[in-house]
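For reference, the structure discussed in these notes is given below.
Chain nomenclature is as follows: A, B, C and D, assigned in order of appearance, with residue numbering initiated at 1 for each chain independently.
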Amino acid sequence: MANPALTDISFSAPDNCFLALIGHTGSGKSTLIQQINALLKPTAGKITIDDFTITPKTTNADLKPLRRHVGMVFQFPESQLFAETVRQDIAFGPQNFGMSETDALALADQMLETVGLKAEYADRSPFELSGGQMRRVAIAGVLAMQPQVLILDEPTAGLDPQGRQEMMSLFGRLHREQGLSIILVTHQMEDVAQYAEQVAVMRQGRLVKYGSTREIFSDPQWLFENQLEEPIAAQFAQGLSRRGMTWASLPLTAEELADQLASRWPKG
Amino acid sequence: HRLDPRAKLLLSFFYIVLVFMANSLWSYVILIVMTLGAILASKINLGFFLKGIRPLLWLIIFTVVVQMLFSPVGGHTYFHWAFLRVTTLGIITSGVIAIRFLLIIMTSTLLTLTTQPLDIATGLASLMAPLRWVKVPVDTLAMMLSIALRFVPTLMDEAVKIMNAQRARGVDFGEGNLFKQAHSLIPLMIPLFMSAFNRAEDLSIAMEARGYQDSEHRSQYRILTWHHRDTVTWLIFLIGFAAILVFRRW
Amino acid sequence: MDNIIEVKQLTYSYSDHERPALSDISFTVRPGEWLAIVGHNGSGKSTLAKCLDGLLPFTEGTITVGGTELTEDTVWTVREQIGMIFQNPDNQFVGATVEDDVAFGLENRQVPRDKMIPRVRAALEEVGMGDFAQRQPSSLSGGQKQRVALAGIVAITPDILILDEATSMLDPQGRTAMLKLVRQLRENQHLTVISITHDINEAAGADRVLVIDDGKLVEEASPEEIFSKGDQLIALGLDIPFIAKLKAALKARGIVPPTDYQTTAEMEDWLWRSLSNT
Amino acid sequence: MKHDALKTNTLAAVMIALTVALSLLVRIPIAGTNGFVTLCEVGIYTSAILFGNPVGVMVGAGSGFLIDILAGYPVWCLFSLVIHGTQGFAVAYLTPENDKSLKATIFPLIVGSAIMVVGYCLATAFLYGWPAGIASITSNLFQVGFGMVVAVLLVKSLVKFKPSLT
């Protein structure tokens, strides 16, 4: 290849992170997450995830435990469903990593509950479900591998607003309650503002900015130059700034904005 | 080599017949000259042609050796053991086979490198046009081939995507014996087929919405034009053909 | 002027389902209007769009398009007037190249080749894809493919454009570009637009919004009226507009915002006045 | 009805594309030889069993033709069109419409496979002499055998969800 898909990317994310990866279509986001899951190996450089290290020389046999450790939910993951029943499909991953069939099937039922589907779906064929339900089954199939890191590639694409909201709050819960590290690839700045703790911005195969969500969104000029949208709350707050309002810190969500407004609301 | 794809298709078909008909030293000389002439006219680096030969090398050597050892008695016998013998006739036959291999591979490479698959499909459909008279739905078939070609890259991308998704779920593609491999393909193939069914359904609805009724009552945007150079090439080939007939040993 | 589309008591059932996908739907569309149809996934809104184009054989009710009642005999006359764009950009791209795809609808209408060539070119220029005529679909982004689909519709000059979640698989840039283009085409070609969507920006641009739930037409109103519903919107298959979210958040903190619909600017005004009113 | 003809044709076209895509993408080497198995048969057999004719013959002929053109053996494309077309036709023709079980499909599959192996043997012998023809048999046997196994497994799962063409 003449042009590397990714060039000179260095960053480190803390344990138990919620990292959003943003940038335009074709900026290298998908390539980067496939590196983290070792579906692609770097041509130069090194990736360390907990106890695992990926270098250009890593062999496939070394990668299998890593793939269990880092779960990957691809775009439109419902297209990976194949088994005869929902339960078998969810149990497929864990069995590939050596779990016994009985344990895997029991785990599948548990995961079905985690993603908010009724137990009666377990014996149905995944192809009889609605698109949104199929997506939950696919996500349950990845969660069933009990990964410590979960990579999500535009997990809400194509869902209706209700489906999107439910899906994002599921990930928020997994992160908070089970301590899962999450890497979220998304175009939805509202989701970034609401859920992410760190943000990495990609552009033309390079990492152009990495920082906390607040740092990234605190520079409207830079966002504009990089054709990235600001969260609507931040845009709205800036409208008030132009009239002379000052903010302790720029609000990124409706809740944050309301907090700051309430704190200075005239009494009575 | 900007010939009309129809000319190219006909020529290569014709070429197979020629290779089959040629059976004398002179006829092969003519064929080789014609092939080399075509290659030179295409201005394509010879290295490409050698690359085309490499994967088939093993088959060529096998065929040549077997042909040499098992050939019928004829001419001088150089070597004889049990039913294996190497004779003059055997050496000549195997030499001829080797040349046939090389010629056909070179022609194939030439055609592949100079013609878009879509043009070949359009060309084929256009050549089949007379079959309309015997009620073969030529236009429908042409439309289908064109749609099939259009969807090949889409489905290849999708196959790679699903393969990656299943690898991330711990499937090892390309490992183990054939039966194991057959088994590991199921998680790839079922989603692919399901998706293909959906695409076909969407596609038929979209085509209908865009006013498609049947392929016979349509006008054509993409057309092929037969140029003088097509005629000239044909003439050269016809002369060659005649020459081969002349030199053929009856 | 007469209505360009009239739907009366339309009911449709898929053969493998017990409940009808659409039941007893009636509405009209005025020429030049932009109508948004919203509803959550599975509500039946895409089925409705397919019925309008005669792509599904409904048995009960009538659909009249441009004065022609849709029947098995008139279906091609009706389709002449309608251009339709579907959700998945890949599954509606028929041609081997961009120009072949734009020409597809013209070929179906047996337009002679010498007339097709300028029309294909003009249509591609109109959607800003003039430089891509020879490109193959696999080298285009989803947004570009949808623009080619729009060019295919521009080329056949219909009166009505139906967008069946046409932007839902695009990234935000692709979506914004597509909407801008639809607005521009609507001006230039005097199109009536029916857009089936979840996208709040797309719905906001409409003159009127129909809400479909569970196969029934449950509401017909202006975008402002619909957006004033706040929390209920999400059940209808639309996002909650930011202003509604902000109002809810303020209310939870004991601040009472005005209850009627407000634009962003109006809300900003109100907040500024309230805060500086000390 | 016209509508159904369009459905059948688009389905056949997409199945051709799928068969071609798989054949170009997945090549499984046969241990101990230089040959490899492609998934061409998987696509043809599965389509032929699930949908009968005309889809079977169209997928066979169309994919045979296009694979050779795209993979760089255009001289073979007309042979492949005929051989794979006949193969697809035979499997589709011999498979009962209402029974896609292993028992009902094994005979059609064997006939189809025999057509392919013998067909290519003859075509190769025609072009390159009989030793090459015989040499083709082994690798083609692997190819059809593999195709049959995968197709049978696929049909078992897909038969419930195949689109109906009537």
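Just so we're on the same page, a contact is a pair of C-beta atoms (placed from the backbone, for glycine too) under 8 Å apart; a residue touches a chain by one contact, two chains touch by 3 or more.
The structure displayed is predicted, hence computed values, not measured ones.
**Q** Looking at A-D and B-D, which pair shares more C-beta contacts?
**A** Here the pair linked by more C-beta pairs in contact is B-D.
**Q** What's the farthest chain from chain C if centres are computed as the mean of the Cα atoms?
**A** B
**Q** I'd like the Å distance between the centres of chain A and chain D, where a centre is the mean of that chain's Cα atoms.
**A** About 41 Å separates the centre of chain A from that of chain D.
**Q** At what distance in angstrom does the C-alpha mean of chain D lie from that of chain B?
**A** Inter-chain centre distance comes to 17 Å.
**Q** Between chain A and chain B, what's the gap in Å when you average each chain's C-alpha atoms?
**A** 46
**Q** Measuring centre to centre with CA averages, how many angstrom lie between chain B and chain C?
**A** Their C-alpha centroids are separated by 46 Å.
**Q** By residue number and range, which residues of chain C touch two or more other chains?
**A** Within chain C, no residue touches at least two other chains.
**Q** Among the residues of chain A, which ones contact at least 2 other chains?
**A** 82, 127, in rising order.
**Q** What are the residues of chain D that contact at least two other chains?
**A** If we look for residues of chain D contacting two or more partner chains, we find 157, 161.
**Q** Can you name the residues of chain B that touch chain C in the complex?
**A** Contacts found on chain B: 118, 146-147, 149-150, 153-154, 157, 198-199, 202-203, 205-213, 217-223.
**Q** Can you tell me which positions in chain B touch chain A when the two form their complex?
**A** Its residues touching chain A are 158, 161-162, 164-172, 186-187, 190-191, 194-195.
**Q** Sort out for me which residues of chain D touch chain B in the complex.
**A** Residues 2-3, 5-7, 9-18, 20-22, 24-26, 28, 30-31, 34, 37, 39, 42, 46, 58, 62-63, 65-66, 69-70, 72-78, 126-129, 131-132, 135, 142, 146, 149-150, 153-154, 157-158, 161-163.
**Q** Spell out the residues on chain D that touch chain A in their complex, using ranges where they run on.
**A** Within the complex, chain D touches chain A at residues 157, 160-161.
**Q** Show which residues of chain C lie in contact with chain B when the two form their complex.
**A** 50, 53, 55, 76, 79-80, 82, 84, 86, 88, 90-96, 99-100, 103-113, 116-117, 120, 136-138, 152, 156
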